[in-house]
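We call the chains A, B, C and D, going by the order they appear; numbering starts again at 1 in every chain.
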Amino acid sequence: MYSIEFKNVVKRFGKTEVIKGLNLSIRKGERLILLGSSGCGKSTILRMISGLETITSGELYLNGTLANDMDPGDRGIGMVFQNYALFPHMTVEKNIAYGLRIHRIPEDEIARRVAKAVAILNLDGLESRLPRELSGGQRQRVALARALVKQADFFLLDEPLSNLDAQLRGRARKELVRIHEMYGQTMIYVTHDQIEAMTVGQRIAVINDGRIQMLDTPHEVYRRPANLFVAKFIGSPSMNIFDGRTAAGAMRLNDTEVPLTPGWAEKTGASGAERLLTGVRPEDITLTAEPEAGSVPVEIQYHEDYGSRVGYYFTVNGEEVIAIMRDDVLHGAGHAYWKPDPKTLHFFDAKTESNVGYPAEAAE
Amino acid sequence: MKLIKWLCLFLASVMTLAFAGCGGGDTAKEAPKENGKTVVTFWHVYTKNFGAPVIKQMVDDFNKSQDKILVKEVYNPDMYPGLMKNLQADVASGKSPSIAMIGYNYLDYFNENFQYASPVDLAKKDTKDPDYLEKTFLPNVLALAKTGDAQVGLPFSISAPLLFYNPDLFTAAGLDPQAAPKTWQEVRDDAKKIHDATGEYGFYMQEYQDNWATQGLLTSNGAVILDENGKAAFASKESEEAYQLYQDMVLKDQSALHIAADEGIASFYSGKVGMLLGTSAKIGTITQSSAFNVMACPFPAFGDKKVEIPAGGNFLAVTAQSEEEQMAAWEFIKFIMQPKYLAQWTINTGYLPPRQDVADEPSVQEAIAKTPALKVAFDELPSLTPWVAFPGDVGVKAEKMFADMRDTILSGAAPAEALKATQDELNKLLK
Amino acid sequence: MKINSSEIKWHLIFIILVLLLIYPLLFSLSTSFKTMSEAFQSSSLIPGDPTFSAYERVFTTINFVQILSNTFIIATIVTVFKLVTSVFAAYAFVFFHFRGKTALYFLLISTIFIPFTVTMIPNYITLSKVGFVDSIYGVALPQLADATGIFLLRQYMKGIPMSLMEVAELERASHLTRLRTIVVPLIRPAILSIGIIFFINSWNEYVWPAIMIKSEVNYTLSLALQMFVSSEGGTDVPVAMAVATLTMLLPLGLYAVCQKFIIGTFAQSGIKG
Amino acid sequence: MKSGEDQSAWRKRERRLAFLFVLPSLAVFILFMFYPLLYTLYLSFFRWNMVSPKMKFVALDNYVNLLTDPVTVTIAENTLLYIVILVLFNFLLPYVLAFVNTFLMQKGKYVYKTLLFSSSLIALVVGAILFQWIFNPVSGPVGAIADAVGVTLPAWSKTPGLVILVISLVAVYKAFGYNFLILLSGMNSVPEELIEAARLEKAPNSNIFTKIVVPLTSSTAVYILIMTIVQGLQYVFTPIKVLTQGGPNDASSNIIYQGYDYAFTFYETGMSAALAIITMLIFLVLLYLEFRFVEKGVYYEN
């Protein structure tokens, strides 16, 4: 039985349809990430779970019961808002215990739960401070504590780390995972930051234009993007996509015939796509100064030095491609050679933009 | 939808409740009681600095003097119009005071719109001294509170218009303070001299929203305000002459000040105006507020014509509803009409007493000796005539129309036209 | 504090304005310490021989304590009721969503535009029917709600971040709890400042009490002034000024104590455009 | 949304609760604002003096008399003059000064709003008596200055036009500080950088004020403009009653005072009611203005 289940749910604001026929099943205690750029509808999905947004059509089930018209207060939701939504006039302790006091939970029980949350989120000594006397990180942890003490079934986070600076975000991510493993609630986490998604999520739902583009583990989403959107969205710089003029089991790159492995030949042949696009991640390309068998000559337009890595810009069939390599092997040479590694290739049907799939030998 | 329906229902019910209740008050009811005593409410217009202490004294003495009646005095701000407004509002809600102090200029309006017990009837019912009226008041005094053959109430306060002047400015202008001006021509000449010599103003006549002082100006030159068949007849040669003189003093000679009452009187106190034509009621305040030794003389005459000046002040009307309350009120009125109380009243306020014999009271004689202005007021008693009260609803409008007429004349309008226009308008209303 | 030249002219204008606005207050204060005749002789702000006679007359001839308490009771009742009714109404207009809300809001706001000449006679007659004339409660009764209060509080409530209310919604907090624990505490400065304005307006009110109150025992401060102003007998000016000064004491005191408060509230958000 | 109940049940309960929240204010307004409005409308078709038990139905006579009476023309002109003076001193002046204070002054500019606000604490009846005293052209401080300068001032209390100016000053004295403060707060919604950008282009202050500040502070400004007129006309009632009772020759009366005069001096309840209804209609135009500008532009933070 699923903890949260969307069945062809549609959400309309006036005439614009923000969520188009959503089907999503989330297992109990799972850490699911809703990933997408702003305006893709990820927050709306979260707010529909919490009941803060109504559902235009379709059904939402929480722990198996129909929850479309269930009052937000009855859904057992602990939520962390993007701006933390701490009550400016209440101390940290009062903020955390706000919900518990509304439900008239006995004071000793409240004290116990608050103490536990304060310890876990190391907010000791801050209990009687007001939010404006706290740092961004501390405020974020208070918001977390408030959502956790409820010990609710569902733990919803709406871009909780976006207001933190870089190093704090790293530590906060680890804490989030640690806390989740401790409390074990079903956690739905909305973010537009891929790294957060990859590091925090057990599963990631990549969302765009109100639809789920792919729902899978971080590894799968990165390694085997279901379509062009996921391929480009995940990874930075994003995957190179170009027309490899793939036909009859081979690609023509910069007028060099590059035969495909039998597996790929079979996969690309069977895809039935009129035109295929080839994808390869910049960090999967290795360039060499000297040609090798089957390598493709390329002209380096310019290169960027990122300190730990180097980026080379060249064109394949007229389209710009980036290669990221650990060290500067080309020493500014104008041209280089690229021997495509079949295990790092991806092929997409140009029309349907969906991935043609991977041959057996391509699996790690 | 439902919300608006709820609203209309609620509104409708409120409306019906309110309308049912409005309209006139209910009929006579028995006298209000307070621990056994009949309660008499006495509405007056006197302030803490003018008259109220004496009234309080009278009420306390009366309440101590017997145990059947309890009198409560109620101050009404804004003088006679203010009291009339409160009376109006009270009657509108079915209540009314036992005794109300009505300004003479409201005599007619009050008579026509309010229920009252005439002193004549009350005296008849009063077994102790049924001929109280005849033996205490002179006919001309009673006439102040009589319209047609209805004796509406008993005159209580009588004020007379007199001319106060500043001896220092007189001497500064080379005039002898002892030889006060007797005629309006002399007033004009003296005012001119004061203005030319000292640069201050020579003369100021109090300018309230009424026709009191100006009525004296017109009637003393022989004008008639209201003729026998009740028509306004003041737009005459005499009035024109009187106002022309006044206008010339203001506009031509620039010796007379034309300004709102409070400011003009304050200017006299601060020695900026030679002469002030004001009410005897202000004797107390004027002497207190002026740094110079205030002197006074009778209302100036026009040549050798007889001076006819209106009595200001008020009369007491018994507005009690029930008979028992009326008799209690009558008892109180007779109490305070005793010479020793009226003497206190005259000394403290500068009003002339409605009874002859009060003048002989030793305290009054002593006060007259001390404040010459009081003597001047007493001397003017014979030339006092009733303050003309226009009949019915016109009464409340007439005062304002006369005040507006005065303002237009003193700011340049030709007296003849202004007098005619106001007279015609009044006669239109009188039909 | 170096002020560059171009600003000098602005500062000058403001200083003149401040002096013009402060002068009458000083004038009233100084006249209240003069005798009758000195009040008329000199207009200087420093009394020749200052005397407390005016204040003595105030405290001896009128029951000042009774008048002060009447004014205080009316102002308190009016302020408390106005705040409570306005807070609830404003809350409804910001946090509830129902058809006809805008229509109802403008129905209430339209009362700002009803001049008192419309309400004075009917209210007088209604209140006299229930015997509330000449009673301080009759003065307070028609003023238990205030559309300006609803209007202003609605602006401040709109300043409250929606997410805070959503936290309460997630806790299934009742509207009353949300009002008590979130809305009121957050706009407390605004409530207090508007409350002070209500209090001072009621404290200074003249027209309605003048129509409603008859007997001296129910007088308010602004009516007490009339007990020393008589067109017939003349005005006791120093006493009138003394009463005026005493009337000003409490509003000035309240303002001095809460001035940062009031200025902060109205200057900080006020009616944003 | 309540569990188990459907959408409309929840909405009905929310509406009933909302109505309960609004009810206290609504009840007071109905009893003491709307009922009087209707009752006044009812009265405006009768001749009555609040005393006599009979009320004579006269249909539109009161309105006809009002509109044909020459005094009404004077009253209308006076009311317009009051509005012009009030708008000038209680709206335009504080509006410009709020702009100056916010953008053209740096040092020590905060003390003024505190000091200026203090005058709005005064009771109007006190203000009236004070102004009558101070502005006495003969014996008041103003008179003393005039003497020193050797000028004889006209008696404002008897000069049409001037009388309205001095009486309006009492209302200006009362409202100026408050209006200045609210307009100052309106200035907060004008981003500083917009002004700096305009200054870079050497735009004159007047242009900055009209082109940038006015549009951005329009809803606060319209609120103050409306209040200046609606409240202003009722503020000046007290000084008129205390100082001139509408004189000289109705030159200081306005649409509000005349309504009071008809009711409580001439006891023509019908005329007073008719004038009050006309006043209400004029004010409704301002209510529409409030709806169009103030509500639309209100700042939404959430």
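Keep this in mind: a contact is a pair of C-beta atoms (placed from the backbone, for glycine too) under 8 Å apart; a residue touches a chain by one contact, two chains touch by 3 or more.
Source: prediction; values computed, not measured.
Visitor: Could you quickly compare A-C and B-C and let me know which has more C-beta contacts?
Guide: B-C
Visitor: Which chain has its C-alpha centroid farthest away from the centroid of subunit A?
Guide: B
Visitor: Calculate how many whole Å lie between the centre of subunit A and the centre of subunit C, each centre taken as the average of the chain's C-alpha atoms.
Guide: About 58 Å separates the centre of subunit A from that of subunit C.
Visitor: Express in whole angstrom the distance between the two chain centres, defined as the mean CA positions of subunit B and subunit C.
Guide: 37
Visitor: Roughly how far is subunit A from subunit B, going centre to centre by Cα mean, in whole Å?
Guide: That gives a centre separation of 93 Å.
Visitor: Which whole number of Å gives the spacing of the CA centres of subunit C and subunit D?
Guide: Each chain's C-alpha centroid was found; their separation is 16 Å.
Visitor: Quick one: which residues in subunit C touch 2 or more of the other chains?
Guide: Subunit C, residues with two or more chain partners: 40, 98-99, 104, 122, 125-126, 161, 163, 211, 229, 237.
Visitor: Could you tell me which residues belong to subunit A and also touch two or more other chains?
Guide: 51, 71-72, 74 - these are the residues of subunit A that touch more than one other chain.
Visitor: Indicate the residues of subunit D shared as contacts by at least two other chains.
Guide: In subunit D, the residues touching two or more other chains are 15, 19, 26, 31, 34-35, 39, 50, 133, 139-140, 264.
Visitor: Looking at the complex, which residues from subunit C come into contact with subunit D?
Guide: 1-4, 6-7, 10-11, 13-14, 17-18, 21-25, 27-28, 31, 40, 43, 84-86, 88-89, 91-93, 96-99, 101, 104, 106-123, 125-126, 141-145, 147, 150, 155, 158-163, 175, 200, 203-207, 211, 221-222, 225, 229, 237, 240, 244, 247-248, 251-252, 255, 259, 262-263, 266-273
Visitor: Sort out for me which residues of subunit A touch subunit C in the complex.
Guide: Within the complex, subunit A contacts subunit C at residues 50-52, 71-74, 77-79, 81, 83, 85, 87-90, 98-99, 102-103, 146.
Visitor: Write out the stretch or stretches of subunit B touching subunit C in their complex.
Guide: Result: residues 1, 3-4, 18, 21-22, 45-53, 72, 74-79, 86, 89-90, 92-95, 159, 208, 261-262, 265-266, 269-271, 279, 281-282, 284-286, 288-291, 312, 349 of subunit B touch subunit C.
Visitor: Quick one: in the complex, what on subunit C touches subunit B?
Guide: It is residues 36-37, 39-41, 57, 61-62, 98-100, 103-104, 122, 124-126, 128-129, 133, 210-211, 214-216, 223, 226-237, 239 of subunit C that touch subunit B.
Visitor: Which part of subunit D faces subunit B closely enough to touch in the complex?
Guide: Within the complex, subunit D touches subunit B at residues 15, 19, 26-27, 30-31, 34-35, 38-39, 49-55, 132-133, 136-140, 143, 155, 157-159, 243-245, 247-250, 264-267.
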